[in-house]
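The following block contains the structure, expressed as structure tokens.
So that you can tell them apart, the chains are marked A, B, C and D in the order they are listed, and the count of residues begins at 1 in each.
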Amino acid sequence: MNRHILIMRCRDQAGIVARVTQYFYSIGANLDTMDQHNSGKEGDFFLRAEFSFADDKSAEEVQNGFRPLAKTLSAQYHIYDKAEKLRMGVLVSRNDHVLYDILYRWKTGEWNVEIPWIAGNHEDLRYVADMYGIPFLYVKADKNDRSLAETKILEIAKDTDFLVLARYMQILTADFIGKYGRDIINIHHSFLPSFKGANPYRQAYERGVKVIGATAHFVNEDLDEGPIIEQMVERISHRDLEEDLKHKGKNLEKLAMASAIEAYIERRILRYGTRTIVFSD
Amino acid sequence: MNRHILIMRCRDQAGIVARVTQYFYSIGANLDTMDQHNSGKEGDFFLRAEFSFADDKSAEEVQNGFRPLAKTLSAQYHIYDKAEKLRMGVLVSRNDHVLYDILYRWKTGEWNVEIPWIAGNHEDLRYVADMYGIPFLYVKADKNDRSLAETKILEIAKDTDFLVLARYMQILTADFIGKYGRDIINIHHSFLPSFKGANPYRQAYERGVKVIGATAHFVNEDLDEGPIIEQMVERISHRDLEEDLKHKGKNLEKLAMASAIEAYIERRILRYGTRTIVFSD
Amino acid sequence: MNRHILIMRCRDQAGIVARVTQYFYSIGANLDTMDQHNSGKEGDFFLRAEFSFADDKSAEEVQNGFRPLAKTLSAQYHIYDKAEKLRMGVLVSRNDHVLYDILYRWKTGEWNVEIPWIAGNHEDLRYVADMYGIPFLYVKADKNDRSLAETKILEIAKDTDFLVLARYMQILTADFIGKYGRDIINIHHSFLPSFKGANPYRQAYERGVKVIGATAHFVNEDLDEGPIIEQMVERISHRDLEEDLKHKGKNLEKLAMASAIEAYIERRILRYGTRTIVFSD
Amino acid sequence: MNRHILIMRCRDQAGIVARVTQYFYSIGANLDTMDQHNSGKEGDFFLRAEFSFADDKSAEEVQNGFRPLAKTLSAQYHIYDKAEKLRMGVLVSRNDHVLYDILYRWKTGEWNVEIPWIAGNHEDLRYVADMYGIPFLYVKADKNDRSLAETKILEIAKDTDFLVLARYMQILTADFIGKYGRDIINIHHSFLPSFKGANPYRQAYERGVKVIGATAHFVNEDLDEGPIIEQMVERISHRDLEEDLKHKGKNLEKLAMASAIEAYIERRILRYGTRTIVFSD
């Protein structure tokens, strides 16, 4: 059975689900799962469905077949082949924990993803890339002129479907984000919107919070302001000094990032302005 | 707008959602929310939908209108008027926390429910019923002959839609359960299936667990074995003695019971053998 | 046995615990529990101990007896009689959930506290005070001149040990805080420092966070900036609209506030600059 | 500064903490942290302290120096050099996730531990051992005669301080446990005491629980009955089939095992009958 994923968005209106499911029924597709979301007062409607055929229609054929209905609904949509492997570029600096966690999940087949390369603005993690047999590219960072490094990254990122910043400590410029034009997922080591910017664990320690967190989010032009995909939290106490927060936070960062990447790979995330819709797995 | 709730169950088959949503569309109903669940290998399908009409059809009319489709699908179903207020009988013994929590939620209008009476096998909580202006009935427990007490409860329970056991420490007989014939929700003060029966906090303390829990479940003939609706858990440590577990557990019991009752009132729970399907709110 | 609580703070130095415990031993006191905290690089030391005597020394006597040792250590300290009942004034506006929760815990003896009065800038919750037999005082709010209301509150608050703001939606002036001179605990319906000020659930909804929270904190002159005592969090999803956040947040607000008040009553909270030390129960 | 750890256990009695801390003070040791626990009605007392000297006394010297005081208190005790690296043997079968997590924490220096070997009753994970440069020993399992495999493991385990069973699916015999004579930590993929034995995720799915868990515990002669060290839990729903529980449970198993091993390495765990005391980090 050939499995496909439909992602669709339109204005809320009568009969959307009836028409969409009727369409699947009419072409002999089996509806495996379906999730929908109505935004409430804004009047926007979102739908994600997995469906399968006995014959092997390509995603493109199905994409074309759905067009007339989408037009009727004034819907934006895309149909993906579920078996298609996304290509994920990974950017790092010196922190190793998120990278190790990503590579474990890739290596053991937990994720249906390819990692064509890992790039870092330090050489520290080259050995990890080597252990896993993935090309590592050193991209020197220059605070006064980011364009050189970003040009290099854009070059190697051409063949990727999305990028993840696995504790990459450089700020990507609006120019880079625009030119890349695809999704970039970052992990920030705080419970956003608290403690944006540098040293969030120090900020958390100094503010005296009783819970810490980590946030995986899409990168946009405003630092740590992109749509949030996933957040993980853990209780702490006065006994936890800044270094303890860093230590405990590592697990949160790994879990939040892994959850976000998994949702992304499974096409479960829809952007919605400053927010995201993340359908359940 | 008149809002209704459809609960439906049938064997999985092609076109269920298409046909059901098409039906709503055809009668001019607006589909407000819909959740479905496919059990996987067992091949069972469950659906819950909220829909509304501009005109004021009764739940009965809608129930009848849906019959032909249900027959085609060999589906069991029921349609409820969302505005209908369920009548919930409450049984207690001496513990006050779950009762107080239930009454607060009822009193402040958090729940669309009526509480015609509170019955107890002790007089201890009569004062709480009095505070809230609800009739309290003392039902003497007799361990050697439960029939007297149970007959009394059956009598007053005639006009109820379901019962909740808010830390009612008497075991209901199979005879009672059969004769009542409607749903009974119990709160057990452990993370079932661990620590069934008496003194679960003592059992938990003696076993040395690091997390405690509370479980809201449907009552069936096997003690603490009915389908689980909700579970809440909290970390503990070696510092927590049995009395600390009791103290900390109170919050869990209240939250699990409140969550279960809310789901029940909103018709979000479907029984499925030894399990439950609890659709999201 | 007469039980006392020692709270002590000094600069870290050799032999503190040895000298303090030696002192208790020398006067025949039994050390029931002891917790200490070393702040790390700042070099501050905090200690809380519960101890008991067979004879009935007053807290004052013990307080005096401890003085020479405290002087040697240059320590600030206080000794409390554990049986002493604190007097807690409660301020409310229109939201009822935190008030109900506080009154339940007071009424059922969960907390060793007195509630001499409840004051509100609306009449809405007078009926709750009446149910529990506690005097209710209406204190009209005037945005242009807060002094009138605050003078009234100061007057009735004379005989209290601390105040709790149970969703009191008026801002207390620096003048009030200074004149009252004792502790004031507020519950803010967000995960501080995120979403300070008005409408935190709306802010949370608009930012699209995946976890919401509630924060109990000491009130100081900066709005929502006082030392944090307790925070509770819960996962949410895109399905949760602003009103769902409000609904789910109620449980968090109740739990965070109850935990903070309990810690306060048990003398487990020590202020430390912008932070708090909250010893375990 | 040379840092040591004291672990001590005795009957509760007046002046324990005073005498122990006085002793440290008298020998010029700085008390860095101290935790104590009083079991309550059983009358047992437990203490863990970290202390340091300017001069480099060996753990043995300090161990001897403490003897007279321990004798007075009728205390069992041990003093460890905090810098000492424990040697941890790792047993695996086919599941890779716990092994990967352990190796990551070892490799990146998160844990002060040596891993002299990994042994498996399958060859599947040899490649992981190879990636990390650790010897892998294949130990064939024979269900009818466990003695051969266990003799081999005992032989290589001679130089280890403790063993961890990283999803090792063979049952160790009482004979092995007795002969090894040191601690063995297992991870069981359920919230014990629920779902002992085989296929806990299937059991959990069939029972319809709403929360799943993982438990790290000491191994004793009764299967899945040893003292619990750590438990991690996560909410699930009816949407989660058995394979989803397995997938979600992996994170819990890794976190529970990592937390238990970290506590073990830091000498924070004291066995107490069927329970454990795990002092905070």
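Rule of thumb we're sticking to: a contact is a pair of C-beta atoms (placed from the backbone, for glycine too) under 8 Å apart; a residue touches a chain by one contact, two chains touch by 3 or more.
Predicted, not measured: the structure shown is a model, and the values here were computed from it.
Note on interfaces A-C and B-C: more C-beta pairs are in contact across A-C. Of all chains, the one whose CA centroid is most distant from that of subunit C is A. The distance from the centre of subunit B to the centre of subunit C, with each centre set as the mean of the Cα atoms, comes to 36 Å.
The distance from the centre of subunit A to the centre of subunit C, each centre being the mean of the chain's C-alpha atoms, comes to 41 Å. Multi-chain contact residues of subunit D, defined as those touching 2 or more other chains: 237, 239, 280.
Those residues of subunit C that touch subunit A in the complex are listed here as 37, 40, 191-195, 206-211, 213, 227-231, 233, 237-239, 241, 272, 274-278, 280. Interface of subunit C with subunit B (complex): residues 96-97, 100-101, 104, 108, 110, 131-132, 237, 239, 244, 247, 251, 255, 258, 280-281.
By the touch criterion given at the top, residues 14-15, 17-18, 21-22, 24-25, 30-34, 36, 38 of subunit B touch subunit A in their complex.
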